[in-house]
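Below you'll find a set of structures to go through.
Consider the two complexes below, in which subunit A is the common component and subunit B and subunit C are the respective partners.
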Partner chain A sequence: MNAADLASTYDLVVIGGGPAGLAAAAVAARAGLSTVLFDENPGVGGQIYRAIASTPLKDRAILGDDYWAGEALAAEAGASGALIVTGATVWSLDPGLGVGVSIAGAARLIQARRIIIATGSLERPFPIDGWTLPGVMTAGAAQTALKAQGLVPDGCTTVLAGTGPLLWLLAAQIVRAGGKLDMLLDATPGANWQRAAIHLPDFVLSPYFSKGMSLLQEVRGRVPVVRVDGLKAVGEDRLREVVYRAKGREHRLAADLLLLHQGVVPNVNLALAAGVTHRWNERQLCFEPVVDADFATSVPGIAVAGDGAGIAGGAVAAERGRLAAIAAVRALDPSARVPDAQPIRQRLQREERGRAFLDWLYRPHDALRRPNGDTLVCRCEEVTARQVRDTARLGCEGPNQMKAFLRCGMGPCQGRLCGLTVTELIAAERGTTPEAVGYYRLRPPVKPITLGELASLPKSEAERKAVER
Partner chain B sequence: MFKRLVEGGTAVTLTVDGTPVEARAGDSVAAALLAAGIGHCRTTPVTGAPRAPYCLMGVCFDCLVTIDGVGSRQACLVPVRDGMTVESQQGKREAGR
Partner chain C sequence: MTRTADVVVIGGGIHGCSTALHLALRGLKPILVEKDYAGRHASGVNAGGVRQLARHVAEIPLSIASMALWERIEELVGDDCGFASHGTVLVAESEEELAGFRARVEDLRLKGFTHEELLDRRELKELVPAVSDHCPGGVVSRRDGAADPFRTTQAFRRRAVEKGAEIIEGVRVSGLARSGSAWRVETSDGPIEAPKVVNAAGAWADRIAAQLGEPVPLEVIAPMLMVTSRLPEFIAPVVILRSRKLSFKQLGNGTVVIGGGHLAEPHRDENRTVLDWPKLAISARTVWELFPVMREATIVRAWAGIEASMPDEIPVVGLSTTSEGVFHQFGFCGHGFQLGPATGAVMAELVATGSTNTPIDGLGIARFLPDRARPARS
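Presenting the complex of A and B:
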């Protein structure tokens, strides 16, 4: 598939090929909408079903049933008639529903009548001392390498640290695969139980409960688990030691691989650049788009489905994608046949049950979200917590002004790995809320594009005449 | 740091900073570097600190490398190809790339 082969207009453009995007594309294409799905990865599946069609892991027990559920979803989308383009990076989306996309080094601008953003989530920043050292990675990265390439940790000492369901899932997967995992440092704040407890009955009734319990049991039986309330990575050129505080005492552990995780947050860059209104979610400690029951946003024609609309997991993401697609079909072709939305909403409700418990229980520690001193906040421009805090105290009111002072958020990751930290630090220093502080102003291109790719855009005679003398 | 669970697959050879590195079809460039035990893939523009792949999902931009002469490619998003040339990036982007 080349950029030149794309049509100039599609009824529906779906951005992201995880559960939400696959489910949305399948519903829309079956109902007769001309549908294209773009994903920047070499295959569909998103993060949860990464490499679902190509993983070298044949032993299905390693990744578990929840992973292999992605096969049916990918097959459904593949057979739906939707055009699925992988290796396709969407770098621009404007409020008029124009989409800029690059495929194999050539760019195109195409027009959509409806957009479903399904760009999912990314791991919450984990700004501790030494988190930029080689040898420190995210837990999600290790899971990606396991799913896509069948790579498992096999160093001298591997440590998994942080909080959240994915931490335990990855621990179980590494152990099942015969990988090396020496210690799990559980940084879940003990005080979280107070707020989580009232949601326990809902959690017990949810599908998460039995899965969660057996996962905890499986991991605890095979990996030493230590409760910690302080964590850093130490080394000059690479990770040498993990230093953690447990029961008031500091411990040092020689290690060559530290995998960090403290939950996932919506990947907001594309939706923000398109002008979609977002708000702060205090329970999940992140920004999320404001959406209605059909996942429509403040920008007419643009919906956000999946974890990008607020974290709820893969099964929920697929249901959200279906609802967003049904709404798109109804708007464009009221006579088209679509699945009944009611049972989908019921499944959605059932799946969302128990989420409040998980959110409150695994809410990451303040000190692991709002660092101090020389801890790097912005990895790209190497800006420290002290610099951000001092500048906020000087009178800098928001993340955009902070860019002018410190360049934080202006490196290649475009704030993805520092945005939430900078917002929370400014709010803490200025005694206000993250909602009031806001987030970085994001503009296209939301992914890097070369001048060569831009120059490859097809040009009309009128456009040429406008610049030629 | 990592080992392959599954042997076999189609062998692919890359050149990384002038040295041949064995990879498998289906690897991303970043995964191939990790599997080969390569310590870091770039140094930062500000302090020259070493960096290696961190997120493997296209968001952190720490795995930026030069691939077949094109600078600042995200190694985690580019599939390996036989004969591919990969170079680590030292500090600031070199002029002309």
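Presenting the complex of A and C:
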């Protein structure tokens, strides 16, 4: 598939081929909408079902049933008649539903009648001392290597640290795949139980409960687990030691690989760049788009489905994608046949049950989200926590002014690795809320493109005439 | 409660902030009212060019006066504003174009302006080694340069406050009317009364002017810019073109800012712009042809700042024709950043003394008013 082969207009453009995008594309294409799904990876699946068609891990017990559920979704989308384009990076989306996409080094602008953003989540920044050292990775990156290449930590001293359900899932997957995990440092704040407990009954009734309990048991049986409330990575040239605090005492552990994770947050960059209204979610400590029951946003024609609309996991993401697609079909072709939304909403409700408990229980520690001193906040432009805090104290009220003063968020990642940290630091220093502080104004291209790619956009009629003359 | 001041300045761009500073330096008490925050729009996000080169003759005296202030900017505002002077070069892409540039440089000399110098092919290559070989020469203004726009606007704002100006941000002006011998400026945070008012409201200035019976054909524009990731240093001066829209500069950190006046779609009531990618692609193709070294560079961000343009592409600077005590300072048409320092000084002089020694003929608002509304002599 080349960029030049794309049609100029599609009824529906789905951005992201994880559970939400796959489910949405399948529903829409089956109902007769001309549907294209773009995913920047070599294959569909998103993070949760990454490499679903190509993973070398054929023993299904390793990645588990929840992973292999992606096979059916991918097959459904593949058979639906939707055009699925992998290796396609969407770098711009405007409020008029124009989409800028690059495929194999060539760019195109196409027009959509409806958009479903299904760009999912990304890992919350984990700004501790030493988090930029070689030898320190995100758990998500390790999971990618596991799913896509079957790679596991092996022969070196590996520590997994942080909090959240995915931390435990990754631990189990690594061990099942024959990898070696020397320690799991659980940084879940003990005090979280107080706020989580009230939601325990819902959790117990939810599908998460039994899965979660057996996962905890499995990991605890095979990996030493230590409860910590302080963490840093130490080393000059690369990671040498993990330093952590447990029961009021500091411990040092020689290590070669540290995998960090403290939950996932919606990947809001594309929706923000399109002008979608977002709000702060205090329970999940992140910004999320404001959406209605069909996942429509404040920008007419743009819906956000999946974890991008608020973290809820893969099964929920697929249901959200279906509902968003049904709404798109109804808007464009009221006579088309679509699945009944009611049972989907019921499944959604059932799946969402128990989420509050997990959110409150695994709410990451303040100190691990709001660093101090020389800890790097913005990796691209090398801006420290002290600089951000000092500038906020001097009167800088928001992340956009902070960008201008310190350049934080102005590197190629466009704030994906520092945005939440900067917002939370400003809020803390100025004694206000993240909601009031706001987030970076996102500038397209949301993903970097080369000058050559941009230059490859087809010329307009007027421009061709100017050259001929 | 009604607040009082000597002057109300409407708009916290570089122009409003500069005027507020210069008013305060003259011992007056200005209150500046800004609906967002200082430097939120074009003043904070422009290309940062500090350019005398290729200006309309009516602007040249202001531009030259401003250059003198830029060269002592740290003394004026207590911050170097990231100002670096490596010249601006206007590149000719054909012999025909170069002949036109030659005629302009000669004409300027006759008028007494010597800041523009013609470059032949060899001199151009010396100043801009990376430029494509098809370019036969150009024009340079050696004292020109570039600065950091948001930092500059903030520095003016900060120094204005230090010198006694009051700056109110997040407050919108909803109207103004005479109240005895003073003007009563209604804001979302209550009224302010002052004998003098400066309209430096940028892309929103036509609304103020209309309330004074001076409707102007202001066009809201949003010139687009894009910036690359860091590249090894390969060019010192700012480069601009005439026949195609391009301005091009490499910043100290290695990133390259590409602009030149292709416009985004502005939505001034929503503080929002929608980029026009086909036009940015034209910029990309121009750079591709002019600087082959840039072909693999990565574009990391594109944006546009909202500002005002006038049909004759020069600003409105001077007294209101209908309303005594009101002064206009807007419509800088995409090239007002360099003019900020001196225009603020001239406005403060006008406000304080009623006249200025800097020639600003040709910039008055009267040029847009129907004949019957024009005073006998403007």
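Note that in this section the second predicted complex is superposed on the first by the 462 of 469 C-alpha atoms of A that agree within 3 Å, B and C clash if a C-alpha of one lies under 4 Å from a C-alpha of the other, contacts with A are read in each partner's own complex, and residues count from 1 in each chain.
Basically, a contact is a pair of C-beta atoms (placed from the backbone, for glycine too) under 8 Å apart; a residue touches a chain by one contact, two chains touch by 3 or more.
Keep in mind it's a predicted model, so treat the numbers as computed, not measured.
Novice: Which partner does A:Gly230 reach: the first (subunit B), the second (subunit C), both, or neither?
Specialist: Neither partner.
Novice: May I ask you to decide whether A:Gly81 touches subunit B, subunit C, both, or neither, giving the answer as first, second, both or neither?
Specialist: neither
Novice: By the touch definition at the top of the document, which applies to A:Glu382: first (subunit B), second (subunit C), both, or neither?
Specialist: first
Novice: Scan A:Val136 for contacts with subunit B and subunit C and give back first, second, both or neither.
Specialist: Once the two structures are laid over each other on A, A:Val136 reaches subunit B alone.
Novice: Which touches a greater number of subunit A residues, subunit B or subunit C?
Specialist: So, of the two partners, B touches more residues of subunit A.
Novice: Taking the superposition on A as described, I'd like to know which of subunit B and subunit C A:Asp94 touches: first, second, both or neither.
Specialist: Second partner only, subunit C.
Novice: Mind working out whether A:Pro412 is in touch with subunit B, subunit C, both or neither, as first, second, both or neither?
Specialist: It touches subunit B and subunit C both.
Novice: Quick check for you: in the superposed arrangement, does A:Gly64 touch first (subunit B), second (subunit C), both or neither?
Specialist: neither
Novice: Looking at the overlay, does A:Gln47 come into contact with subunit B only (first), subunit C only (second), both, or neither?
Specialist: The answer is first: A:Gln47 touches subunit B but not subunit C.
Novice: Have a look at where A:Pro448 lands relative to subunit B and subunit C in the superposition and call it first, second, both or neither.
Specialist: So A:Pro448 meets both subunit B and subunit C here.
Novice: Touching subunit B and also subunit C: which subunit A residues?
Specialist: The answer is residues 411-412, 448, 450 of subunit A.
Novice: Would you pull the subunit A residues touching subunit B in the complex into a rising list?
Specialist: Those residues of subunit A that touch subunit B are 40-42, 47, 51, 54, 56-58, 89, 122-123, 132-138, 140-141, 144-146, 148-155, 177-179, 237-238, 256-257, 267, 379-382, 411-413, 416-417, 448, 450.
Novice: Taking the touch rule as given, give the residues of subunit B at its contact with subunit A in the complex, in rising order.
Specialist: Residues of subunit B touching subunit A: 1-6, 9, 24, 26-28, 31, 34-35, 39-40, 44, 46-47, 49-62, 64, 70, 72, 76-77, 79.
Novice: Which residues of subunit C touch subunit A once you look at their complex with the stated criterion?
Specialist: Those residues of subunit C that touch subunit A are 37, 39, 44, 148, 150-151, 154, 228-229, 253, 272, 274-275, 277-278, 280-282, 284-285, 287-288, 294-303.
Novice: Enumerate the contact residues on subunit A facing subunit C in the complex.
Specialist: Residues of subunit A touching subunit C: 92, 94-96, 98, 100, 107, 109, 275, 397, 401, 404-405, 407, 410-412, 414, 443-445, 448-452, 454-457, 459-460, 463.
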